[in-house]
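Think of it as A, B, C and D in the order they're written, each chain with its own count starting at 1.
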Amino acid sequence: MITKVTTHISPNEQLIFERSQPGRAGFSLPPLDVDETPLEEIIPREFQRDDALAGMPEVSEVDVIRHFTRISTWNYSIDLGMYPLGSCTMKYNSRLNEKVARIAGFANLHPLAAEAEAQGALEVIYELQQHLAEITGLPGISLQPAAGAHGEMTGIMIIRAFIDARDGKEKSAQRRTMLIPDSAHGTNPASAHLSGFTVKTIKSTAEGLTDLDHLRELCAHGNVAGLMLTNPNTLGLFERNIREICDIVHDAGGLVYMDGANMNALVGVARPGDMGVDVIHLNLHKTFSTPHGGGGPGSGPCCCTKELEPFLPVPRVVTTGTYPIFKLDFNYPQSIGRVKAFYGNYGMMLRALAYILTHGRDGLREATEAAVLNARYIAHGLVSDYEKPFAGAPMHEVVFTDKRQARKGVHTLDIAKRLIDYGFHPMTIYFPLIVSGAMLIEPTESVGHQELDQFIEAMRAIAQEALEDPELVLNAPHSTRIGRLDEAAAARKPVLRWKPAPAESHATATQS
Amino acid sequence: MITKVTTHISPNEQLIFERSQPGRAGFSLPPLDVDETPLEEIIPREFQRDDALAGMPEVSEVDVIRHFTRISTWNYSIDLGMYPLGSCTMKYNSRLNEKVARIAGFANLHPLAAEAEAQGALEVIYELQQHLAEITGLPGISLQPAAGAHGEMTGIMIIRAFIDARDGKEKSAQRRTMLIPDSAHGTNPASAHLSGFTVKTIKSTAEGLTDLDHLRELCAHGNVAGLMLTNPNTLGLFERNIREICDIVHDAGGLVYMDGANMNALVGVARPGDMGVDVIHLNLHKTFSTPHGGGGPGSGPCCCTKELEPFLPVPRVVTTGTYPIFKLDFNYPQSIGRVKAFYGNYGMMLRALAYILTHGRDGLREATEAAVLNARYIAHGLVSDYEKPFAGAPMHEVVFTDKRQARKGVHTLDIAKRLIDYGFHPMTIYFPLIVSGAMLIEPTESVGHQELDQFIEAMRAIAQEALEDPELVLNAPHSTRIGRLDEAAAARKPVLRWKPAPAESHATATQS
Amino acid sequence: MRYIPNSPDERAEMLRQIGVDSIENLFDSIPEGLRLRGPLAVPAALSELELLKKFDAMAVHNEAARRISFLGGGAYSHYSPTIVDHLISRSEFFTAYTPYQPEISQGTLQAIFEFQTLVCQLTGMDIANASMYDGSTAMAEAVLMAERVTRRSKVIASSAIHPEYLQVAHTYVQHAGIELQHSAYSTETGATPADSFTGLDDKTAAVVVQSPNFLGCVEDVQALADKAHAVGALLIVVVTEAISFGLLKPPGACGADIVVAEGQSFGVPLSFGGPYVGLFATREKYARQIPGRLVGEAFDAKGRRGYVLTLATREQHIRREKATSNICTNEGLIALAATIYLETMGPRGIEEVAKQCAQKAHYAARRISEVEGFSLPFSAPFFNEFVVSGPGEAASVLARLASERGIDGGIALSRYDPRRPNDFLVCVTETNTREQIDQLVEGLNALTR
Amino acid sequence: MRYIPNSPDERAEMLRQIGVDSIENLFDSIPEGLRLRGPLAVPAALSELELLKKFDAMAVHNEAARRISFLGGGAYSHYSPTIVDHLISRSEFFTAYTPYQPEISQGTLQAIFEFQTLVCQLTGMDIANASMYDGSTAMAEAVLMAERVTRRSKVIASSAIHPEYLQVAHTYVQHAGIELQHSAYSTETGATPADSFTGLDDKTAAVVVQSPNFLGCVEDVQALADKAHAVGALLIVVVTEAISFGLLKPPGACGADIVVAEGQSFGVPLSFGGPYVGLFATREKYARQIPGRLVGEAFDAKGRRGYVLTLATREQHIRREKATSNICTNEGLIALAATIYLETMGPRGIEEVAKQCAQKAHYAARRISEVEGFSLPFSAPFFNEFVVSGPGEAASVLARLASERGIDGGIALSRYDPRRPNDFLVCVTETNTREQIDQLVEGLNALTR
């Protein structure tokens, strides 16, 4: 029985370009208050724009408000309920943090303002650095990376720079292999590649953990620069041999990079630095609840050991004993350099610091406990109806498969779409790639047991439907304003932008 | 064809009391920082609460966010589209005005702060008074009334106080009749009654205007204290004889009160003060766009002639030549007194002033023109399919009836409910009372012609349906999360509050 | 004008379609002579940038908004969780009208139903309405209701009720044939003794008392209820500091027949006095005499639960002059804010706020009374407001405290009662830190040395 | 913890149901020795009230946020209409994830499709992606893309590109086998002459130029395009002040092959450098080489139009190490803000802002150049930023201007180029009033007398 949702009227809305009417205007500006110079004297005619920005929409403020209010109602969001995307950690985005990020003293601060006049902003960075170093157990830190993948690139480049410095250019040129488990997120190999490494894939065991023998074997080749490991891994399992894994890699002269996307299982409970990890990235937009915003912004701080600290990006925020207390330090000759203009996604740092201070030491651990408990509760609730490929007790997320349902021709995608009819955002599907028909479920701590029960009931009901009425599931969703879209056709002849109907096409002559 | 909406999943949500779980908490407070005194020493036990506030919900912040976000999606709102409630003037609520009302210097200001330390707040009141006096052509003004009905009471009491002063108590005791057209809003007679007047009703002519002969006849009795007139009246028609009407009443020794709820048809075009009106109330939450908020807050300033000024509520905000420039003046011995604690709904005054300054003199008139044009456009578009009871050209709103559809058993209520399926909020129905099956439509200036056309098409389609498939209309709405509710049953045995299931009722022993 | 969708060209086209020659012709039904010739004498339009600068500049002149404040007297600075303003800012709530069409207004209706329930729980009453303008008008409406219910015309109100509330009541009843008498509070205790209601007789419709009263003192509501009921009169209890419900026995449990309160304390900004929200609760049997809107439970043909405006036959749009009140638009959005506040704080939160207010106020009272020349004139128990008697003119001490120390130390009672030149009313809430209180004490000490 | 719905009791009950003895046992799979013994060395929890006080206190120490400012150099203070922040604050937008499930993500998807279209319209290009981290990383990704497209390994970048952008590019390409060369800008004009691209040859993948460049000067993009195309290299154009699109010929109309820009100017707060949004546009034929996400039009079985993430085969989650980029999360919400800004301003609004920026900047330049000892070293046309040469050390003049007059007068070029000790970069936008400009001029005058 569907308990979480029903259907109701939902507003239609065209593209803004279709709403546009010549002569409408939504802007207001003060009149120009300086004596005007003829435009030609400012910018030579040939450098001037001559298409009058044709094609851009002309609408009133009311049009804009109704346009975006209407289309916003087509979205699912955390505020509407549980968002069990495995690996994405969709937790509650505190309003308090949004308010903090909008304090004028921060929001109106220019990044190139004099350090002495931006001490508050630098203090926020410094304090956040301290807390994240403590949480990861890794003292070196840079908040410059703009997202997880960016942090990965940064961390891998740090490993490379360290090895270059340690072994010298030629010897280190032999170390160009980065080991990555087959269960890893796609950004891992992509980031390794961007840093000039060739990727070798490590098998996972039947248990869903890193295959130590295979790891040893690969390390034996001697050209290993490092290992990129996610822990808990993307199957939601803690790599219990993490210490041994780190030893093997270290003994082989490599370093260990940890993908910290799953830190929501560890904060306050265990620290990567204590496990032998050399460098890690965090996703502030996951573990530390900065909003995903429909696809960013993120923030991917990179934390590392004292040994690797000299190689972090510049500038770094440090304390000077004297006034001004905080300063930007550019003087790190071994630094890999800058990975972004200015200092990173500052607005996300404000929110993450507010998250940490609001939770406090006990709240941080409590959140981890509640997140893991919720995942275990779901694992327990679904195991009777869905195939659980790995026996191990999951941490903050759990993976199931469509194996049983597939016999009836019902696959993971169908189950996901049917969940929409039940009012839930689907879990992460077909990831990790090594599990066929994977359904990766991460409830986070931000959901109460009633909604967890609703979710479990929905999943069970779908399992029943798969047996009794597969068609119902195969054709889902049935209750949404649009059905499944033909993505294949969309990719074959991609339409990536609006264009005016031929009639008015003169208006956009310069555009195509 | 229904173009404005389709159906989509819509979240269910219980009452917060049903979501409540013992031990959940959504609040956070700093620890008490003073040494604690035993409670008994502060408040004797017998004065202390002993029910532990049983029954109040215990929920987390996340529960609150999801609860209200979900239920909010069940509402129609201006931001979703046209809201054609006749007489309610549902126009765009500017975000800029919301921001202004939240400026800390105003939002955190205590009403009893020293005048010298609240000059900015008093300046806002003073400036708004000036502009509203100019717009109405009536120089005396008080912003104290909290809504239209409150302004009516204030204005009528002013009339009474004036007559008492003019004629002396005994003579004025003979003048206790307030004339009110049969088309008036219910608050008019209610407010007159509250001020101790007996109401006599004036007939409207077949044209939909005040019946002058009947007015003369009633005035002839000599006990008339005044007339309450809405202009344009609630049929959307301008009382073209307004001058003569005022003369008749004045000649009879009465005063003319104008209900200003329909000022959106006049701002910048004509001024009640120039028509002979003595006192008027404005609805800042209509004409001046302060948000209706699902039923308030409102603000109902009262404007009057110089003659009536001494009778306005106290305190009044005035300028003193010297510093501090603005002050509260309590010294009006003839004042009717206070109608509200402090100075009125100040937050609405900020918004209304922002509205006036954003429009400017030209924008105010432009809004009026656009509002009247939109109404005329609808009148023109519907006259072929719906009965238009009055031939006159409507101003900002137009009334139609269900006369033609009634032949098929389809009535105004059914047409309104069917409009919901078409994605529109219905118009005002069964008001004014003198028009049977009235449908009073007020588009305001805040809607573009495309949506006006959609509305006209929807109304025409419904007219068609009424002919061809009355059942479809009679059972509407079909696309909402709930159907028509049984209001009769609800009124017979009213359930006006949640109560715990008997099981837990001990918890709320003290409550019933 | 950026708020008007239709462009001038579109408007011209629409005119053409409806066959009207010019915009001016739209106003033909207004006699020529009544139309404005020139433009209004209102300034030209301001852009967003200019407008915000103008208001920011005016806001700067509200020094009081930036002061350490101990002002109460009917408006209180309590902490409002961030989510309150965020949620009421959802346009589905703040740009909706009164819920006349339940099928597309359930969000507002369910919220009001929860509001009515919360008001009942706090006051200990059976039913509550969807809100009144504010506490002062709610009290006036309660007096009018008492007259309707009892058909008696005398009402006796404690003189320790907020002076502005009494003024409003006077305005409301002056033409309703109600005689409003006052009973004096005790200058020793600061409370209103039951025997002060001389004139209480079988013509008395109601006794009106505020608790905690304007002087901060807690009244013995039960005793007053018994006194009133003895002659068949109703007891109306007024509360201006609604946070006190977290600590004090609910009036409903002390015999009150009508309870009205100012709801501003529940997360609503001070905003120079409004908009606030009036709470109005009474006994089940008076349901059909209550003023204002009521939301009730209802079901559709399929048995689905929903909420509707109900008992409308009491209201002006149906009963016209015979309505229980003329109120129409009330304080919907503020009631929503209060609802969100109460549900976020929960029973434990409300208790904790109340406890902190009381504790801090008593700490402050103790400290101030230790300052030479300052004393507490009243002996009755108080919640978070108390009167202080100073060595000199309160108004001038407070003015210096503000200008020299940036502290708004309280309200000089002389504002309302010239017979108390040296007294001022101090209010302490959970937002006042111990440090602020100590600064106040030190300031009073220094300024009167 | 108020963000966690399940109470301790509920959690205990859940543990019982799943048969786990204690919370600690949930972590059994973590070896004992790796678990933290004590609590983290992080402060205890702060309440909302305390937290806001703490951040407000820190914000006070950002004096620069309250100054009259003429700072630019890659971050610009433009006016953002109030509705921008209000709309992105709708939780349906900011609490949603990347739109992987189109049936319940059409709001985000349609907004991105509009964003992609607007970027194409502004830049004059065929296609644009759903955003990059910022302008600097977008430029680096453009360089990498040029290498993929041309299979050539040399890239020549103008030395008048924002220094931090060049540093980021260097970091990105250092291990990609790309040689990054620089071409000197003209110290007379401040622009980059086509003939400065010595080393341009058939191994060159791309020429990279910023216009208006870091010195504010407008480059002759067409000439540079011709030069690059002559040897089969691509032209990459970088824009840091996106408002210039309102006045300057779009790079797409001047032969650019890839256009990247910083979108912060489109209604995004300065926020000490981020989050901003990188715009990335190119020609249709390179669609399958573009980095990042793309949204395309699609239809369901009933023919209803919708939008989906498309051409995913370019991306890391499918192509892994062979992906066109490692980017995953991008700047969705900031792209939404820019979209709302652009749609609110419209073509006329963007033109007007651009015009006012240019006019005010030229007024300022004229006035400053009249001050004795100050001159404009470069002759090329500029938009709203320009370099000023002063009589003494720019850094110290600017420091005094700030501390003594409360004006942030510009960016001392010495921050990036020690060879220009007396030069500083001044930026003027529509938010700078004539009065502020005159104060700046007066300040420079007074401080150098």
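Criterion: a residue touches a chain if its C-beta (ideal position, glycine included) is under 8 Å from a C-beta of that chain, and two chains touch if they have at least 3 such contacts.
What you see is a predicted model, and the numbers here were worked out from it, not measured in a lab.
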Which chain pair is joined by more contacting C-beta pairs, A-D or A-C?
-> A-D
From the options A-C, B-D or A-D, choose the one that repeats interface B-C, i.e. more than half of its residue-numbered contact pairs are shared.
-> A-D
For chain C and chain D, what's the span in angstrom between their mean Cα positions?
-> 48
Distance in whole angstrom between the CA centres of chain A and chain D is 19
Chain C: positions in contact with at least two other chains = 3-6, 10, 45, 48-49, 79, 81-83, 86, 89-91, 104
Would you give the residues of chain A that are in contact with at least 2 other chains, written as numbers and ranges?
-> 9, 21, 24-30, 58-63, 65, 69, 73-74, 77, 79-80, 92, 94-96, 98-99, 358, 420, 446-448, 477, 480-481
Could you pull out which chain D residues touch chain B in their complex?
-> 2-10, 45, 47-50, 82-83, 86, 91, 104
Note which residues of chain C are touching chain D in the complex, please.
-> 48-49, 79, 81-82, 86, 89-90, 431
For chain A, which residues count as touching chain B in their complex?
-> 3-12, 19, 21, 24, 28, 60-63, 65-66, 69-70, 73-74, 77, 79-81, 92, 94-95, 358, 420-421, 423, 446-448, 450, 477, 479-481
Within their complex, chain B touches chain D through residues 9, 21-30, 58-63, 65, 69, 94-96, 98-99
